[in-house]
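The same chain A turns up in both complexes below, where it pairs with chain B and then with chain C.
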Partner chain A sequence: MSFLGVAFDGIAYGSLLFLISVGLSITLGLMNFVNLAHGAFAMFGGYCSVWLTQAWGLPFLATLPCVCLAGAGVGALAERLLYRRLYRASHLDQVLFSIGLTFMAVAAATYFWGPTQQRVELPELLRGQVRVLGLELGAYRAFLIALVLLISGGLTALIELTRFGAQLRAAVDNAAVSAGLGIPVQRVFCLAFALGSALAALGGALAVELLGLEPGFAFEYLVYFLLVVSVGGAGSVRGTALAAIALGLCDVAGKYYVPEIGSFIIYALMIVLLTAFPAGLLGRRA
Partner chain B sequence: MTAFKLWWAGLRAFGSSRLGRSLALGVLLAACESRKVESAPGAALQPAPAAEAGPIKIGLIAPFSGPFAGMGKQVESGARAYLDQHGSKVAGREIQLLVKDVTGVAPDVAKNLAQGLLVRDKVDFLAGFVLTPNALAVAPLASEAKTPMVVMNAATSVITTKSPYVVRVSFTLPQVSAPLATWAAKNGIKSVYTLVSDYAPGADAEAQFKKTFEAAGGKITDSVRVPVQNPDFAPYIQRIKDAKPEAVFIFVPAGAQGTAFLKAFQERGLAQQGIRVIATGDVTEDQELDAMGSAALGVVTTHHYSAAHESPENAAFKQAFAKVSGGQVRPNFMAVGGYDGMAAIAKVIEKLGGKLDGDAAMAAFKGLALDSPRGPIRVDPETRDVIQTVYVRKVEQRPDGFYNVEFDHFDEQKDPGK
Partner chain C sequence: MRSWPRGARELSIWLLPVLGFVAFPDYLVLGSQIWIAGLFALSLDLCLGYAGIISLGHASFFGVGAYTAGLLAVHGWHEPLSALCAASLAAALVGLVTSFLVVDRQGLTRLMVTLGIGFSLYEAANRASSVTGGTDGLSSLELSPLLGVFRFELSGKTAYGYAAVVAVLSFLLVRRVASSPFGLVLLGLRENDARMPALGVPVRRRLIAAYTLAAALAGVAGALSAQTTGFVGLESLGFERSASVLIMLVLGGAGRLYGGFLGSAVFLCLRQLLSERSPAFWQFWLGALVVALAFASRGGLLGGLDALRLALRARGAARAGGPA
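The block that comes next holds the complex of A and B.
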């Protein structure tokens, strides 16, 4: 296969990584909270989508907005009840808390849906391959790439151009002064957390087709999300996108051209990139 | 840190109040009481003759939490299905299952649990063992305690060689990989690409398939090992597509990995190019098969059990399994392992007339034959490993779901790995 085909697959895989990781980048980078339960929010999205198609007969595409809303709701609730108490705690406390939450999520998923694999039915439109300029491209992968372009553009605009974005950045840099200036810091954090959770849930729903879904999901792919965020620079949407695409591309190309060491390549890349850019590709802090 | 301080302060406040102290004392007493009740029927506190008439204890070690929880549930429900069907009294003695959660691939936990079962509970049999590392860790203890250890699933060839007290009723990977290679060579498949997960069972399956297939005149075009938790199969599948073999042999963990592979295989249209998928039966095992759905259609596998196997024994087994497990999942080969393990133990107890002794029990296991839900099986007197029919099956859709439908078989298969 030509290099273009490999590149396409890599970018599509990177897009999926970006979708799930960008929420983590927001909570970690902008709110300075180490939320290792991020994979659990993604898993929640996946189960939500599967449940809506199976129990309510909704088509897959129609479940996606519902999943986003549900993810935002659960995220906001968790922020209000749990996360808010730990904003000022040490990172170790945050890690212990969120890992504990993940274990609970895994147990809950096993309780409600059983330990087996879940399946999702894609619409005819997104199945199989389409021929574009002599290249055979997976329809679902093309859909992922398009969606990510849309979302990353929207997010960048939201954080860098809107009033909410300015409030969020101010609240992160100095919560006390921001509050003194009349910014509703608590509400801004809650909204930001809900946004991150909604994106994680969306990514989780979209990942079912490629990565599968079972209760272990919350842990299995966590390392990839952390990798993307640390390489991209926590808090930067563009950095996360860049890192996700680069890692996805190198992973796929490595496995295709040199399958013997293919699965190691993204870790090697991580070491190189983090040595060169300790704060991440486009990290905000040194 | 703060959480701990809070907890400690709370505890101290609780302890200093009168109500708190008396409550704590009550809890402590209750705990002692329940321990006493628990150990009362045990052999330890009573004179030897009474122990003979007491229950026969079987310690079942399997994972019931973590990623392999589903497997442990299958084994346990299989074992309980046998007791439900045949009653829990054998040779006048009650059978008692002591179920322990090993939590995953955890040899040290398995060892601790086995030690507890042998020393404290004085079990007459160790059973279960879904995962190879756990079984390997316990085997030396079985030797030391001279207690039979019945392997109900773990399929790596070497396990039975690690102790003369190990007996296996499940299967071994080479046992089911070799017939697949023979079948492929006989049915006009000349070139095969192999793709296995990069861990011991994967290497076992790859080596045996290669050996048998090349001996039969077939050609292995290429072999690739993939990470056990591989997120995206696209690059590997594309490589296979470019290599144009007649078939691809895979061994990956059932569930997420198997489904991901087959979906990517379908998405890229390899089947339309005439490339077939052949695999050992664990990839399309019954519990996961429905979730794999149409992606698995037409996959040819070899294994020792399919829920679609037609026999009165299997029909009765499925009914009993549904009764004890709640009927939500279909029994898979692990459930049959649990069922047959329990059946073998019951037969041995019967043979010995309820008077148990490790060495006598092992002698009784050797050559033992059972009419299993999978068909006739027996224990090889030399290796204490299972001898059974291996079936060739194809995934088909039936009105009530997807099944591995058997269409050919290899009788009397021993483990070629030894």
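The block that comes next holds the complex of A and C.
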């Protein structure tokens, strides 16, 4: 594989990480909630997609909007029923709660689908290679990058240009003052959480082809999502994107060029970066 | 006059392992697991319940201890007690080195650093398979008889006694430390970390000391686990172990020292009972238990019930009173 090929794969992987992690970044930055169950939301999206293709015979691409809606619904429900009660709790309680929730999700996934790897059937269009500027690129990865670029554009527009975005930014900066100015902070929290869950679920569905899907997914990749968020700086969408792409590149390049040390490079890098930038690369709080 | 009840209490600490031995002779393996897990939770209690450091990578030290004991046994050092000390020292060393990364950070960053340390050690052990055996681990470790007398046999009697005695001795040590001025400083830090520096406490050094001591104890637990089971695997360093020890400690009650032992007993007995049906069944109910714990610790479960009762009553009153 050429250097450009490795870079391309790294960017595709990074885009996927960004898509899943951005919701976690909002949860952490906005509500200061350590949500270790975020991987479970992504896993939910993956299983949703698999179930829709297998039991209902929907084509893979048609499942994606359904997965988004389901993710948003489950996210909003979880926020209203569970998360909201723990916003003011200690980090320890939040950690325990979200670990517990993840255990339940993993057990449920094992119960319904068994411990084996799941697969999705990709449409003909997304299989094989495409030629771009003389480079042979994986069609699915190209699709992934394009989709994530599109979604990031939409997300940026949503946050920068709309009324909801302004409320969200205000609430991130100072929830108490925003509430005093009449911003319905609770509703903004709930919508942001639902949005983040929808994106995580979509990312989970898109990840089935790239990362595989089995009940361990929720824990296995959680550390990557947390890493992206903490290195990028919680609450910063740009920071999350930067960290996700950097992590994707490092991970793919590391596994390709120095396979004998594998993921070690990522974890070591994370410790170094967090020591140098305690609030993340583009963190708001110093 | 007051020395007698105290003496009885001290005696009961030693009677507990004997009781376990006599009452459940068929479950000695589970029993030694409980003592080891309890000791591990005790070490986390020093970190979390006293110094107030939440660690998501505490298994690092358990694993370092386990691998040290395992490697010594594989390379021809069969004496168990000296290997236990070596394992404890190795874990303390790793704890001391990593403590500098942990104590200077706060909140989420600190949490992520402990997680990162745990994952990097796991990955390092996974990759260095020529030394650690990789995913196969180190198996059939040989030990010479304990104190030159007690052989480690299949029934697990020696293993149980060994684990229980070491755990109780460690408990007594930690209790002594916790009631010393050093222990009080740690409690003060947990309660108010802005006030302790004002009292002239060298906060950073105290936290480093507590973290290192916790690591050393976790190393002892890991070494005990390796020696009593004759096996060390990658899961001794895994995230699941870090998560489960946290759960055991909180289940029993953090900041009380004996909470970890109670928690590990309940946790492991429940696991034994529930995973007979299926591992997923156990995992589900474990998750539910932990979620309930998180809510209960702020008056959640009972508070939730109260709120529900109040809401129902208010609704009933509204229905009875108002014309709708």
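We take it that the second predicted complex is superposed on the first by the 279 of 286 C-alpha atoms of A that agree within 3 Å, B and C clash if a C-alpha of one lies under 4 Å from a C-alpha of the other, contacts with A are read in each partner's own complex, and residues count from 1 in each chain.
Everything that follows uses one rule, which is that contacts are C-beta pairs under 8 Å (C-beta built on N, C-alpha and C of every residue); 3 or more make two chains touch, one makes a residue touch a chain.
It should be emphasised that the depicted structure is a prediction, and the values quoted were computed from it without experimental measurement.
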item	value
Clash-or-fit label for the pair chain B, chain C on chain A	clash
Touched partner set for A:117, first chain B, second chain C, both or neither	first
First (chain B), second (chain C), both or neither touched by A:275	second
Which of chain B and chain C A:227 touches, first, second, both or neither	second
First, second, both or neither for A:5, with chain B first and chain C second	first
Which of chain B and chain C A:153 touches, first, second, both or neither	neither
Touching partner for A:180 - first (chain B), second (chain C), both, neither	neither
Which superposed partner A:263 touches (first chain B, second chain C, both, neither)	both
Touched partner set for A:100, first chain B, second chain C, both or neither	second
From 76-84, 112-120 or 148-156, the chain B stretch with C-alpha clashes against chain C	112-120
Chain B/chain C common contact set on chain A	89, 93, 107, 110, 260, 262-263
Interface residues, chain C side, partner chain A - complex	48, 54, 56, 101, 105-109, 111-113, 115-117, 119-120, 123-124, 126-127, 239-240, 243, 246-247, 250, 279-284, 286-295, 297-298, 300
Contact set on chain A toward chain B in their complex	1, 5-6, 9, 13, 89-90, 93, 107, 110, 114-119, 127-129, 136, 138, 140, 209-216, 220-221, 224, 251-256, 259-260, 262-263
Complex interface listing, chain B residues touching chain A	1-3, 65-67, 69-70, 73, 224, 226-227, 229-232, 234-236, 238-239, 241-242, 255-257, 259-260, 263, 267-269, 287-288, 290-293, 328-329
Chain C partner contacts - residues on chain A that touch it in the complex	28, 34, 82, 85-86, 89, 91-97, 99-108, 110-111, 219, 223, 226-227, 230, 234, 260-264, 267-268, 270-271, 274-275, 278-279
